[in-house]
Every structure is written in structure tokens, then in C-alpha cells.
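Reading through the C-alpha cells given below for one structure.
Going in written order, the chains are labelled A, B, C and D, and every chain counts its residues from 1.
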Amino acid sequence: MIRVGIVGGTGYTGVELLRLLLPHPEVEVAVITSRGEAGQRVDGLFPSLRGHTDLKFSAVSGKDLQGLDVIFFATPHGVAMEMAPELLAAGVRLIDLSADFRLSDAALFAEWYHQEHSSPALLPQASYGLPELFRDEIRGSRLVANPGCYPTAVTLGFAPLLEAGLLEAGGLIADCKSGVSGAGRTARLGLILPESADSVTAYGVSGHRHRPEIEETLSRIAGADIQVQFTPHLMPMIRGIHATLYGRLHKPMSNEALQDLFAQRYAQEPFVDVLPFGEHPSTRTVRGANVCRIALHQPRPGQVVVLSAIDNLVKGAAGQAVQNLNVLFAWPENLGLAQIPLLP
Amino acid sequence: MIRVGIVGGTGYTGVELLRLLLPHPEVEVAVITSRGEAGQRVDGLFPSLRGHTDLKFSAVSGKDLQGLDVIFFATPHGVAMEMAPELLAAGVRLIDLSADFRLSDAALFAEWYHQEHSSPALLPQASYGLPELFRDEIRGSRLVANPGCYPTAVTLGFAPLLEAGLLEAGGLIADCKSGVSGAGRTARLGLILPESADSVTAYGVSGHRHRPEIEETLSRIAGADIQVQFTPHLMPMIRGIHATLYGRLHKPMSNEALQDLFAQRYAQEPFVDVLPFGEHPSTRTVRGANVCRIALHQPRPGQVVVLSAIDNLVKGAAGQAVQNLNVLFAWPENLGLAQIPLLP
Amino acid sequence: MIRVGIVGGTGYTGVELLRLLLPHPEVEVAVITSRGEAGQRVDGLFPSLRGHTDLKFSAVSGKDLQGLDVIFFATPHGVAMEMAPELLAAGVRLIDLSADFRLSDAALFAEWYHQEHSSPALLPQASYGLPELFRDEIRGSRLVANPGCYPTAVTLGFAPLLEAGLLEAGGLIADCKSGVSGAGRTARLGLILPESADSVTAYGVSGHRHRPEIEETLSRIAGADIQVQFTPHLMPMIRGIHATLYGRLHKPMSNEALQDLFAQRYAQEPFVDVLPFGEHPSTRTVRGANVCRIALHQPRPGQVVVLSAIDNLVKGAAGQAVQNLNVLFAWPENLGLAQIPLLP
Amino acid sequence: MIRVGIVGGTGYTGVELLRLLLPHPEVEVAVITSRGEAGQRVDGLFPSLRGHTDLKFSAVSGKDLQGLDVIFFATPHGVAMEMAPELLAAGVRLIDLSADFRLSDAALFAEWYHQEHSSPALLPQASYGLPELFRDEIRGSRLVANPGCYPTAVTLGFAPLLEAGLLEAGGLIADCKSGVSGAGRTARLGLILPESADSVTAYGVSGHRHRPEIEETLSRIAGADIQVQFTPHLMPMIRGIHATLYGRLHKPMSNEALQDLFAQRYAQEPFVDVLPFGEHPSTRTVRGANVCRIALHQPRPGQVVVLSAIDNLVKGAAGQAVQNLNVLFAWPENLGLAQIPLLP
């Protein structure tokens, strides 16, 4: 049994971490922080938790957190990088769900997040918390950068092709569709139901912060400079990301070979589900569960289309964070993560 | 470990039973039947279950089911009453999620379901599976009639007032709002998204099958003939029932006394959550969980409004069925039912 | 051709007024005001209007508005009552979509809106802009209080029964369901899609500002003190109000007589549509149109249920305001209001 | 005033044609046919039309239609091509909203629609009813093939680039998102709200009937063989198509030049709205109106992304059909098509 804390618990990743961690057999959630809600019961803010916890939000400082085994940062970017040095020095392990440690290049961080990185020296120590690709690094690290939601869906979809060196470098496209919860639990006009329901809109088409994150990971696994056209869209739904990925093969291969490539690559992965060739995963089949479902298409020889679906708050955020926790402690990777998706 | 079967597993109560029973520590789902899908993998029809089961639908007859400990009927009305006599004789316990054994009066059944009851002799043996009201009867029975979704929300909301004899007999109103999944997994034009989204409509206002069920139970606990005006509405959402219940007190009582009545009545109930006086439960706070959240209002002296929210597929169907299973076997009542609601 | 202005044009009633007034054959929209957006093109804020207007928001004062024929207030309460005296004195006619002049009693206004009424002397001059009930008063007035959305649906549904003196005074219940646009175009956390979609919740059950408005009107037409239990609910949809109204007849009457009562009462009304007895109007059948559809039920003798559906932004706000404009100028009442509902 | 008929009026294109044609100042809708609903009032099936028409569905044969000026086919494919020869011979003009005359090659039709074309001799006479590209042809024709919804959004978005010869031939991608009404008014399990709401899914990724239609038109305007990877997705909304289009420029051009190209190309088009460079049209801004809104992006030099949004039932079907009618009769092209989108 370890004792964990959640810093910044009033957002959707906060409540989702609680949903997964409260019943986790090896975890006690000892602290959850919020400045604005300090002193309030957590189940007052999130009535879904009534009967499952007596926790209150606290406004503890970094010092108070030093006795914990692990801290999850469910904060906006900029918080974890301030608190990390002291906590790491105190022996706490960190799983950061924000963007602070996802990019290895502090200059790139500054460019996309409009803020200097305050702990650039820690960047080399951070592992990128996508266990399917970097399990060994994560296991050995004390600072895990939990991937973005879009990068998770996109990277798992492209990875087998890029690892095998099968894709042309140019022309990768990731057309992504996300539910509104991806924008966070925040009172923005564009997110209210009359503005966001019954409508589709693209955003950030000319440039989005998840693009450099995607490109860094893909380049790393390809061993070459990979550029991706990344286009996010806001969907009138609560949860879910659907990534539609386009790439061209250097030379055509059979559908069977394509399917085998993915099936074998992910055969041992408990949280990646490769559907039969030609199927279409819908996000409703992953709702509430830590799973990425992938299906392959080759509409014309050499033109590959990969469909990749996750729940943005689970495999795209809190679930993946718990998966990383399990990796860190060498527990079975699906401990506390066996939820069956909620359908319908 | 007991072996259970699900008869009629292709609907929403079927897949929801699987979501709850597959991880249940005392249960093995041995059989799930469907004539139309016989031979097909269950996770082919419900991809949410991929990785969680290798079950296939089977077309077994009643005989093949006689070796099971418990059978859940997730069928339309009319099926369970045909199969029940033989199965009960063989020692199988039955939990019927359909309407066949909910009404104690075969003539009333015939009137509302336009079909003669084929096993009227069994009606006196059936317990009404609302454990909060009839736990002892259920425990001693071999045939449990799992309540309808609306009746669950309505009855739990009115019960403390009627048990205490506080309500005027006339004028009870249950204005209920349900998600579309309550209509079942069935290809009906009125249910397709362009017909049912972004709209509200009442239905069955002049008479709905759940009214006699509600009235029978309320009359029984009131010890008097209770009539209710029951008005169901179709909401543009997937899951959830919200019952808005109106009644008049014989004489005004304080809000505190009202609140105490409910708080004490349900203090020991793991699945009924009485909110602070004057709050408003939303169905999103019960999504995916076996809980009924209730809040009380008294806008004017003597005018009580009870708000009652459940997930129609869980506390309103499959979850309650599992709760009844736990009662039957004297297991802890929340065994396999500790899911935290999915929010957002 | 008259020249009109809209004060406070950045909300949903603002854009809806523009949708209806821009093509109105007798109207030129000369001014639309907003402090926050002054100088900006209206179609920048509302791209739906691109190609239909070159208007910009202006920050004009009351003086600049005095040359107009009519001003629509699409502001929060508290604005119209400040500006009204001067504008009326200058000969401008006012149609106020806010609550400032809906209640005839300044004390009641203060109680429910937590603000002293600044122009109580004007209250007797204000007509209540529900043409189906008060057409003659409106025609003779220079200050029209456009009704609230809920009161429109509720009052039209109860009116024939109360005018005819058929209902018992006690026990009137208005259980109402509204789309989220009724809460306005405002960045509130509870309105964002992940908080409001796929869920139903009641609000203001213990008391809501529309209750005194409803009760004043119903009492007036009944010639007696009428109390209503009014319960609003937030629905996961954009537009639409569905009022489910309950009342008891002094003595039972036939369904035919009930139907005749409504059919005759509204026979000459272009914007009230009485459906055949026993039907169920859905809000989708009124989307975008200035119509109230009503259907009647008598589930048990003497128990009447009236279903009343409107588009909260049209017959519940902007459309009714245009209807009142037409009344004021003795134009055909459906001038500019012949839109067919958008279905699906 | 001309007299028109609608063949197959019980679907969404049927009711949408009525919404647009009933108030059209030059049109009388004389006949609307349906075998299944013959004799029934149209407003019985579509209560949104109550008060706007007394039409009944009729089961007339081709002969009865010969006295009409124009017939709209709102039927599944296969009907118009059977009835067309006789009607054309009788002097009736035809606007076919189905796919029968969209492809110029009968063999291609047979391949994608699994049916021999029964009137291949008529194919050369059919004009492709996208007025922005083929206005002159339409004007001179008596048989107009109204384009598919996806092809309309995709073609208008790619056209200026292809006409100017700026795009590389390979690598065109059209990632499209459609509301559920695009699947028609039909009782299919996958379309019911619990199956289609709160979820995104791709379909027909390996091949969809609209691909050959898109490719034929694009090839024609490019004067070269154009291939497109077309990927449709089902969105949890009622109306709207959002096409996200990807192409590579032969050589980079400035954003200004790109914007100018589109702005000038569509400057005289009443129904194509080119937004400022870098904006993101949402489908809610076109709801109910006959307009295509387009915005341009060039995230990296040479990589163009075109966003194109329409209402699938208006500019993607019935509205475009009325636009074609106006072209045929040389009326102002926006006659009866000046509806302002319904927002929110």
C-alpha cells in the first residue's frame, strides 16, 4: 500500500484519477489539493463520489507532500515544473499529467507554451509515459511525463508502421476528433452546450501544442525527422478521441501483412486492442476504460488509414497515469484498470 | 462460485449484466442465449467487451439451463413466464428483468400487456426485487421479479412518506424523464438520433405499463389504495431516469423532519443516497452505478417535491438484478456493485 | 418601414431577434448595442449572420436611441427599467424581453430579483405581451413586457381551463423541461457540454422567478388566487421548452369537451396549435418557429394533463417579441413569423 | 408560378424540400408521393408542417405526374432512372436528389450501387447540379443530378485549387464528418440515439459511394485524373457536414494569395462564404441555410488545409435542389433560399 497525492484535483483528470485510484488495491489517496476549494469535501464538488470517499481538498504546500510515495499532477502546465525539483529531491515519484515534461527541448516548450521552462535540467530525467513504447524507461524513472490525449491516440496508431520503417516521411496526417471534456472543466463560452452541441468545428488547424509532442515521439521511434499535419476537431460529445491517421507505404503490402504487423506488435499489450482488418472502432466502445482500439484500412494500394479510438480521460489521461504507476511499482499493469467500458 | 445464465442477451440489459457479472467474484457466466445471434461471439456484438470474455451466444433450450444456479431473464415480457415452471422445478433460481412477475394480479397483467399470463400459479411465489423495501421476501424466494426502471425511481422516492402515512392519498404525481436506452436496443424510427436528439417528448401519458406496477407497490407499503399520475418523457440522452415526485402532506412538517425521515429510512441502505435538503441530483452523478440519489424540497408548506435519480440500466435494471442476486445468496449486498459513477 | 433598435444584442435573444427582424418587411434594424463588443461587426460574433447584415455593435446612450420607433431590450433585468422613462417620454415604444415589467407589483419584483424597481410608476402602463390573452392591452400600450419562456408555455396551457373556471384552485403543477439556451449565452461551468449533456437535473425547485410571473397571470385570468408548483429542469438540448401541466377538474368532463374547449379557444390564434386529443407534441416540431403546440390528456376522470411545447427562443422570447411588434403596429400578426420549424 | 411534384416524400430530404418549397414565391407543390403513406396528411407524418400545408401523400403513377413542370426525386437510388425517360418525354423537368444520374459512367454506377443502370442513354443529358461549377450546363438541361452531400462540401473546397492547377495530383484527402440525418430517416439499429450519441465512428473507410462522384467532378475540373482518399465519419449530431481537406501545393504560395484565390473564385456566389484566412467554420453556423462556409489554412508551407461546412440537408440536398430549380427557370438564385441559419 502506497500513499499518493493529487495536486490540482478539481478538473476532469482529477475526478477521473479518483475514480480509478480510490478502489486501487495498492493505493491510498492521502491528499488532494486545490487552492480554490480548500477545506471542501471532494464529493461536494463531485457528487459522483458520494459514498466512496471522505477526502477534502487541502491547500498544502510542497513541503506537506514530501512524505508521499507518488504525486500526480493534474494541473495546468507550469505547476509541476515549479514543484518537481524539491519533491524529487525528497524522494517522491512524480507522474505529471500536464505538458511540463513531455517535450525534451526546453526551447520548444517555451515556443508552444509561451513560458520559459523553470526546470530544464529535469527534462532529461523525465520518461515519456507511453508504456507500450517506453516501458523500460518509465520503470527506471522517478518523473513520468504522462502523454497528451491526442498524442496517445496518434502515436499508438502510427507506431508499428514507423518502427518498421514502412511509411514515407512526408504526408503523415492525423485528423483527430475529441469530446468536449478534453478542453477541461472550465467555464468557457465556446464550451457551453448551446455553442458546442449539434455542431462540429476544427480548431488550432494552423498549429496546436500537441503537434510537437507527437512529432518528437514519432521521430524518435522512426529514427528520422517526422512531420505530421495534426488537425483537432471538437465533437458534440463528452468523452472520446477518434484519430484518423493517413500515411503512405514506401511500397504496397498486403492487408494481411499490415494486420499482422499491428497484431504482433501489440499482442502482449493489455491496453491496445487491434480489431479485425477493415473494422471501424467507435469511441463508445472505449468509454470509461483504459484501452486504445485500432483498426486498419488500405483503401488503395499503399494508402494506409489507421483508426485509433481512446477515452481521452482514461487511456488519454488518468488511466494511463495509473498504468504508469503500475509500471513504476512493477505491479501487474492492469491493476485497478480492468473496468469494462460503459456501453451504451 | 456459482454458475449463472442470461437468457436474451442481445439487449442493453444483457450487455449491462455482463459488465457487472463478468468481474463479480462469486459468479461465472456460463451461458448467454440468443436465437438470432447463436454461435456468434458476444464481443462481436458488443465490442466494449473485447478482452473481457470469450462467451458466445447459444440457442440452448430450457433443458440445457437446468444445471445452472441462477438464470437472469433479459427478455421481452412473455418469455420468462413460459420457461419459469420447468426451471424452478429443476431447482434453478430465477431473476426476471422483464415484467412477467411484477404484478401480482394475472388479470392486471393481461390488461396492460395484452397477453394472458401463462403461469399465474407462480405469481404468489414471486418476490418483488426492490431490496430496500422487500429484502426479506427476496431472500426467501426462488423467483425474483426485478422492478421496472421507472418504478424503482418512483417507489424509492415515495416510500418513506407512504410508509409513515404522511401523504394525502390523492394527487400523487410522478413526472419522469428517461434516457433513450430505456426503450431498448431496437431499431425503431422514433429512436434514431435525428428523431430523438435535441428534443423532449412525453409518451404514454394516458396510460403506461409501469403505472399499475408503481401503484401496486405503493398501495402495499401504504396499506391503502394509492393512485399515481405517472407521466414518462423521452430525454435526448443515453442513460438515466429522473423522477420528479409530487405529493401533499396531511399536515405540514418542518424541512428538517422531512429530511430526517428519509435520512433515517435509508441510513443502512448502501444504494440509496439522500442528498442534503434542497439539492438537485442530476442523472450524470449516477451514470454506471447502482445508486439512487434522492433530494427533498418543500416549496410551500405541505407541498413536497422529491427528486429521485438513477441509471435506468443499473439501479433500474441490471445492477438491481445483481443486488438481488447478492441478497439471494446472502453475500454482501454491494459485492460486484462498487462501481463509481462515470463523471463527466 | 419603421426603425428599431436592440439594446443588449450579444445574447441568444439578440441573435434570434436579428434572425427574425432582418428579413421583416416592415422593419429596419438601425441600431444594436453592446458595451463589450462596441465597434465589432455583429456577424463577427454570430457568423450565422454573415451575408445578412453589415451592422456593428454600438455603445450608444439612451439619447441616441430616441429617434427610433421601437426598442427591444434583450438585456438582463435591471437595464430596461433604468432607460425606459426617458425613452417613453421621447415617444419610443418599448418591447422588453427582460423581467423588468412582467410583475405588476414592485415589491414582488424586489423580492424575486433582489433589486429595487427603479421605475415602479411605469408598471401600470406596461402590458403583458402574451397576445393570445392580452392582445387589446398590448395594442394600446407603449411598453410591452415580453413574457418569460416558461410562463409562455405554462400560461397558454392552463389558460382555457382557468378562463372557463374548470380547475380546482389547489394542486396545479407545472413540471417544465428546458433546453440549455434558456440559461443564456454565458460562460457558466454548469452549462458546458460535459456538465450538461447526457443528463437531466431539476433546479430552483424550492422557488424560481418565473413562478410569481406565472401565478400573477393565471390568477388574473382565473379571477382568483392561483398557486402553481413550478419545477424547471435542465435538458441536454439546445432549444425547446416542454411544459407538463397537471390540474384537477371540479367535475369530470368528456375528452371531447376538453378538446373542444381548447380547439375553440385557440381557433383564431395563428401561433397556438392544438393537436388531436391524446397526442404528444415534441419540442423538435417547434424548433425555430413561433408556435406553441398543445395536447390534452385525461388519464383518469378529472385528472387533466396538458402538454405544451414551444421554442424558448422564439415563442418564448424573440418570436413573441416580434408578434407583439406586429400587434403594436396592427400589422398581420404573422408578418415575418411564417418560418416553418426546422425538422429534423 | 409553376407546379412541382416530390416523389418519395417521407424522408428527410422530402420534409426539407417542403420547408423550402412551400413558401417559395414561384412554386406550388402540387403532388407529393409515397406508397406507404398514401392518403395520409403530410403534416401527420411531419408535425412541423402543421398549419403550413394540407397536402396528402399520394400513390400516383408516372402518368399522373406528366402535367407537372418539375419533379424532385427524393427517393433511394434506382427509382428516378426508371421513371425519368417517360417523364422527360412528357416535357417534365427533373431534379434528382438520388445518385442515379451523378456518375456519367453506367459501369461505375453498377460497380458502386450494385445495380445495372436502366437508363444509361440519359446519362449524357444529365447536368451535375453544382451551380457554382456547372451553372451553364444546368441552365440548359432538363435533368439535373443533384450532388451528394459529401461531394458538395468536398468539391467546393477543392475546386479553386484544382481549377488553378495548384495541387499535386497525389495525396488529396477528404476527412469528412456528418450528422446522423445524412443516413436518412430509417429505422436502423446503428442510428438509434444510444448507439450513435456521445460517440464518433468512421465508416466506409475502404470505399464509399461518394468517392467516385467526388473523383469524377474533381478530375473534370482539374483536367486530369484526380484520386481522393475519402473518409466519412458519423458524428453525434443531427445536421451538418464538416469536410477537412488536405492537399499539397506544387510550390508554396503566400497565405494572402491562397485567400485571394478563393475570395475571387466565389466573390459572385451567393451561397459560398469564404471566411477570413485561418478561421474555423462550425457546422452550427450553417444550420438550416443554403450556404457553404470555407476557411483556409497553410500550417506549413505547401500544406493546404481547407475547412468546408454545410448543412447536409440544405446545401447538401434540398437547398441545392431549389437552387438548381432557380437556375433552371432563370430566377434569382436565392429565391426562397434566404433563410438565416438557426443559431444556437
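Keep this in mind: a residue touches a chain if its C-beta (ideal position, glycine included) is under 8 Å from a C-beta of that chain, and two chains touch if they have at least 3 such contacts.
All of these numbers come straight from a predicted model, not from anything done at the bench.
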> If you tally the C-beta contacts for A-C and for A-D, which one comes out higher?
Replying inline: A-D
>> With centres defined by CA atoms only, which chain is the most remote from subunit B?
In response: D
> How far is the middle of subunit A from the middle of subunit B, if each middle is the mean of its Cα atoms, in Å?
Replying inline: 36
> Between subunit A and subunit C, what is the separation of their C-alpha centroids in Å?
Replying inline: 46
> When the C-alpha atoms of subunit A and subunit D are each averaged to a single point, how far apart are the two points in Å?
Replying inline: 39
> Residues of subunit B touching 2+ other chains?
Replying inline: 12, 179, 181, 185, 194-195, 197-198, 236-239, 281-282, 284, 287, 344
> For the complex, which residues does subunit C have touching subunit A?
Replying inline: 12, 179-181, 185-189, 191-198, 236-239
>> Going by the contact rule set out above, which residues of subunit B touch subunit C in the complex?
In response: 171, 173, 175, 177, 179, 194-195, 197-203, 205-207, 227, 229, 231, 233, 235-240, 242, 244, 246, 248, 278, 280-284, 287, 297-300, 303, 305, 307, 309, 344
> Mind pulling up the subunit C residues that touch subunit D in the complex?
Replying inline: 12, 15, 18-19, 22-23, 46-52, 181, 185, 197-198, 238-239, 270, 273, 275, 281-282, 284-289, 291, 293, 338-344
